[in-house]
Amino acid sequence: MDAGLFAQYVMNGLMLGMMYALVAVGFTLFFGVLDVIKFSHGDVLTVGAFTALAAYAGLRALGINSEGFELAVMLVLATLAMAFLGMAIARYLVMPLRSAPALNTLLITLMLGTVLRESVRLFYPQGANPKPFPALLPRASLDIGEFNLRLDNILMLTAGVLVIVGLQYLLNRTKLGLAIRAVAQDEETARTMGINFTAIVLITFAIGSGLAAFAGVMNGLYYNEINFGIGLYLGVIGFSAAIIGGLGSIYGAILGGFLFAGLQTVGTVLLPFASAYKDVFAFAVVIAIMAWRPTGLIQEKISERV
Amino acid sequence: MLAIATVYLIALLSAEKQILIIALLLAGIAVVIAAAWFGVLEGLGATFADHENALGGWAIIAALAAAAYFYDNHFVLLLVITVLLYSVATLGLNVQFGYAGVLNFAGASFFGIGAYTSAVLNTYTSLPHVLVLAAGGFLAALAGSLLLFPVLRTRGHYAAVVTIAFALLFKTFLEVNDVLGGPQGMQVKGMRILGWSFNDNIEIGKISLSFYMNYFVVGLLLLVGAIILVRRLERSWIGLNLDALRLDETAANCFGLDIARWKITAFLIGNFLIGIAGALFGMVGGFVAPNNYTFADSLILVSILLLGGIGNPWGLIVATIIVVVVPEKLQTIQEYRFLLYALMVIAVLLFRPQGLLPRPVRRYFPGWRP
Amino acid sequence: MTRIPYRTAVCVAAITFGFAAWTADAKDKVKVGFIGPLTGGVSVNGLGGRNSADLAVRLRNAEPKAKYEYEMVVLDDECKPNVAVQVATKMAADKDIIAGATHYCSVTAIATVDTYHKFGFPVIVWGAVLPDITYRNKYDEVHRVNGTMINQNDANAELISKLGYKTVAVIHDTTDYGKGHNEYFSKALARIGKVNVVGTFGVTSDQQDFTAELTKIKALNPDIIYFGGLTPIGVRIRSQMDKLGIKAVFDGTSGIVSDAYIQGLGPLAEGTLAFREGAPTDKLPGGQFFMDKYNAQKYDNPPEAYGPFAFAAMEMILDSIEKVGPDRKKVIADLADVKDRDSIVGKITFDDHGQNTVPIITKYVVQDGKFVEWDDSEYASGKRKLPGQK
């Protein structure tokens, strides 16, 4: 395989990995803070993408045609809207169930995911059909031998990296981040220290859902298409990636995301039938990794009061 | 009490006009809410527990009565059979989660293993079909135990992830694999026991019974057997061990219970039930395809478990009836059924997390009240 | 409690209504069925078919000389085989429904043939093109008015050989539909012998990401990428081709002849080839009549490519019931003997497997956002050129 083709595969893997990582980080955030697995995360991504699409349609109707401006507005609108949605979910669905067994929260978020997905399918005009997503990034590309280097891919990768770095900064260098980490470690002590538990939880959910919206828009830009089912697929993969990396660790989530994408890419290269078996391969490896290191690659440090 | 319920069910099943169905449903919901309000439901639950054998007998008679009423209506009988077999599968899930606390999000996949087993064995071998059913159960159990090995040492949600990954893997694997029919699936030959072919209508004199009657009888036998098995299990020392395991793993370990062994046992038994139900269902439908056994279908099984009340077989049956029959009948909202259905489960989880008929506390002497 | 009186009231009301309706009707009511993909990626075709069949029923009910009053029962097969088997069982098990016009998706049609045979339910397929549907078994219940995929793939192979291309890469979905396209296309190419297939790739029918296959294809550098599958995937492959900078011609089958394809791609759809059996709607013998009546009803969706066939199928069912009465066995016997019956799509003759022969294949190319016939297009005349066209 020549260098150009190899580079193409690497690029494919990186793009996929970035999207998976963004979703995985969301899962990890929620789990760290509230010990909940919020399964509707993937579908929040879908709603975010569709919100952005609706915003685009609205802007076009108003006659605004500048691509950069449109993209900015779409991103801001989608992120804010999803942040609110995330907070609502936390406030009304997740927090009331904190004393119930964890399965209930899992199930309620699963069902919520279904509600979100079906609502998009039923209530967005022609929601059941895949919808073209506008290509708002510059389309310049450079051909280096076999490898087609596209400017929009580079831009998206950079944006994703910036977002993740920004998140790290937020968590590790700011007071808010300190509060979030404190709540994640020990809820009671954090409360004793004067941290407003509910506020922190809501903010964490807002951040996570905003991330989902960002990932949704990115997904739309990359594939030039969105449909109501993308959330389910990405959600499951993001969840598996977060688990592999170790729930509760941001680095683990990022690692898991890229690892999963890498597995899929390797699968398509090695296996004869291209994409046919790539998901099977990736999920089988997930199961194998779980067998070897059940709590994920970056172990979750748990202590249970007996 | 049961008679009223049976009549209500028959009316619901035979009603065709949408308005009538909606009216019946609203009436039913109103009754349930009124009953809950007046505290009748707790009393009902107690009555169920007290007179369990009698209740079981009545239920069988009720089922036979319903079947006799619809003797030549193919589609209603198919619905009834679906309810019976889903109940068996959910009972299996109940053993896994309700008794042992092991999460299984791949219920539909094991159901599918049973179904595909019956498809393959029926087509390629001439194994007697009763054995095929058993084989379906065994294969599902085997697959389940293999799957569970990796995560026995960990906490609950990691096991859940493995089952989710398996559920997705199963569907994709079947789709890309042409040997097992690929996305088109395989046809399954109807059941034959001792030369009696199940796929022909039964003719008694001038009355022609739907051929689904055959499957109905087998399905009913299976359900009754499953309930008896599960009940006996719960009352026995196995059930005690599983309960201990579920309620407090650390304490159970201190007492000398081998966690791994008991979890696998529960998983095995549960999967066996699911597999048999799947094998029979494959033969009833005559068709297996990967799309029948997706993650969404596993979610439906888990939701039935939650709705009905974890750990209570009767609640399960009621919940199965609701989940299977209502969307079929309400054709006008056919499009919206997943949405409404998910909203319903959310409502249940928020306001009545124990489900419709929660599991009563274990009684040492059956029928004894403190 | 007010429960019992309420229910009784409802029952009484229902009975009164029913009685009133019964006495008000002069003609007997007969039910006919329609199955198509009303939701999902190819729903526009299903909805178009449904509207067309509905048009046939309405026109018939408006005719005073008709012996019966018809009611159409519509079920959705979601283009999934398992759902199709369920709804087919439901429809066939209902003894009141006499016959049905069924299926656009080949995967659903092939899955349900055994069900219809089991219940003795006569059906006429209106949109599925897989040959096996009528030819795998000799079932008296199954008929089809539209053509099979064999002819369109022959025409496809001929055109690209004529245009002087040398290499083609095949992408097909892994359902029987896609596999069928692959089989017949490859055979046709091999027969003509001028074009080589450099690679064949199977994809699942709900696949999102094709970068893996397309990267491999890019390395093979074919002139044409042939796609055997339906519109949603066609849209994705075409747009991802552009992202990877692949400049081959995109060549599809009847599965992508749909407005949804053009809407999904916008300017990228330009220059796509496609083939379909049957003349374009306006050139059909009854095409103008059909379009006039269809537009007068103001349906929400256009009839799409196979609407006329759905109309013809339903008309045939209605004619048959008018002739022999609402009895399934008699309808099956009547449909076993169809020679040169008139319809809006031309004369219909069923062979011994219930298959109609549709000799005309229309070649399409997308030009300026519309499917234009190849011979009328600027590509054929040389004013515009496809990538790599000599």
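For clarity, chains are labelled A, B and C in written order, and residue numbers in each chain start from 1.
By our rule, contacts are C-beta pairs under 8 Å (C-beta built on N, C-alpha and C of every residue); 3 or more make two chains touch, one makes a residue touch a chain.
The shown structure was predicted, so the numbers you read here are calculated from the model rather than taken from an experiment.
K.L.:
Mapping chain-to-chain touches, which pattern fits: line, ring, star, complete or other?
P.N.:
Complete.
K.L.:
Would you indicate which pair of chains has the most C-beta pairs in contact?
P.N.:
A-B
K.L.:
What's the farthest chain from chain A if centres are computed as the mean of the Cα atoms?
P.N.:
C
K.L.:
Suppose each chain is reduced to the average of its Cα coordinates; what separation in Å results between chain A and chain B?
P.N.:
Spacing between the chain centres: roughly 34 Å.
K.L.:
Indicate the residues of chain B shared as contacts by at least two other chains.
P.N.:
If we look for residues of chain B contacting two or more partner chains, we find 172, 176, 335.
K.L.:
Taking each residue of chain A in turn, which ones touch at least two of the other chains?
P.N.:
Counting only residues that touch two or more other chains, chain A contributes 273, 276.
K.L.:
At which residue positions does chain C touch at least two other chains?
P.N.:
39, 174, 202, 204
K.L.:
Which positions of chain A touch chain B when the two form their complex?
P.N.:
37, 93, 96-97, 100, 102-104, 106-108, 110-112, 114-115, 118-119, 122, 236, 239-240, 243, 247, 273, 276-277, 279-280, 283-284, 286-288, 290-292, 294-295, 302, 304, 306
K.L.:
Can you list the residues on chain C that touch chain A in the complex?
P.N.:
For this pair, the touching residues of chain C are 39-41, 43-44, 174, 201-204, 206-213, 215-216, 218-219, 232, 235-236, 239-240, 243-245, 260, 263-266.
K.L.:
For chain B, which residues count as touching chain A in their complex?
P.N.:
The touching residues are 97, 103, 147, 149-151, 153-158, 160-162, 164-166, 168-169, 172-173, 176, 250-251, 295, 299, 302-303, 306, 335-336, 338-339, 341-343, 345-346, 349-350, 353.
K.L.:
Chain B touches which residues of chain C in the complex?
P.N.:
Residue positions touching the partner: 1, 3, 6-7, 10, 14, 39, 76, 80-83, 85, 89-90, 93-94, 107, 110-111, 114-115, 118-119, 174-176, 202, 204-205.
K.L.:
Which stretch or stretches of chain A touch chain C in the complex?
P.N.:
Residues of chain A touching chain C: 5, 8-9, 12, 16, 128-132, 141, 143, 146, 148, 150, 223-225, 227, 229-230, 233, 265, 268-269, 273-276, 278.
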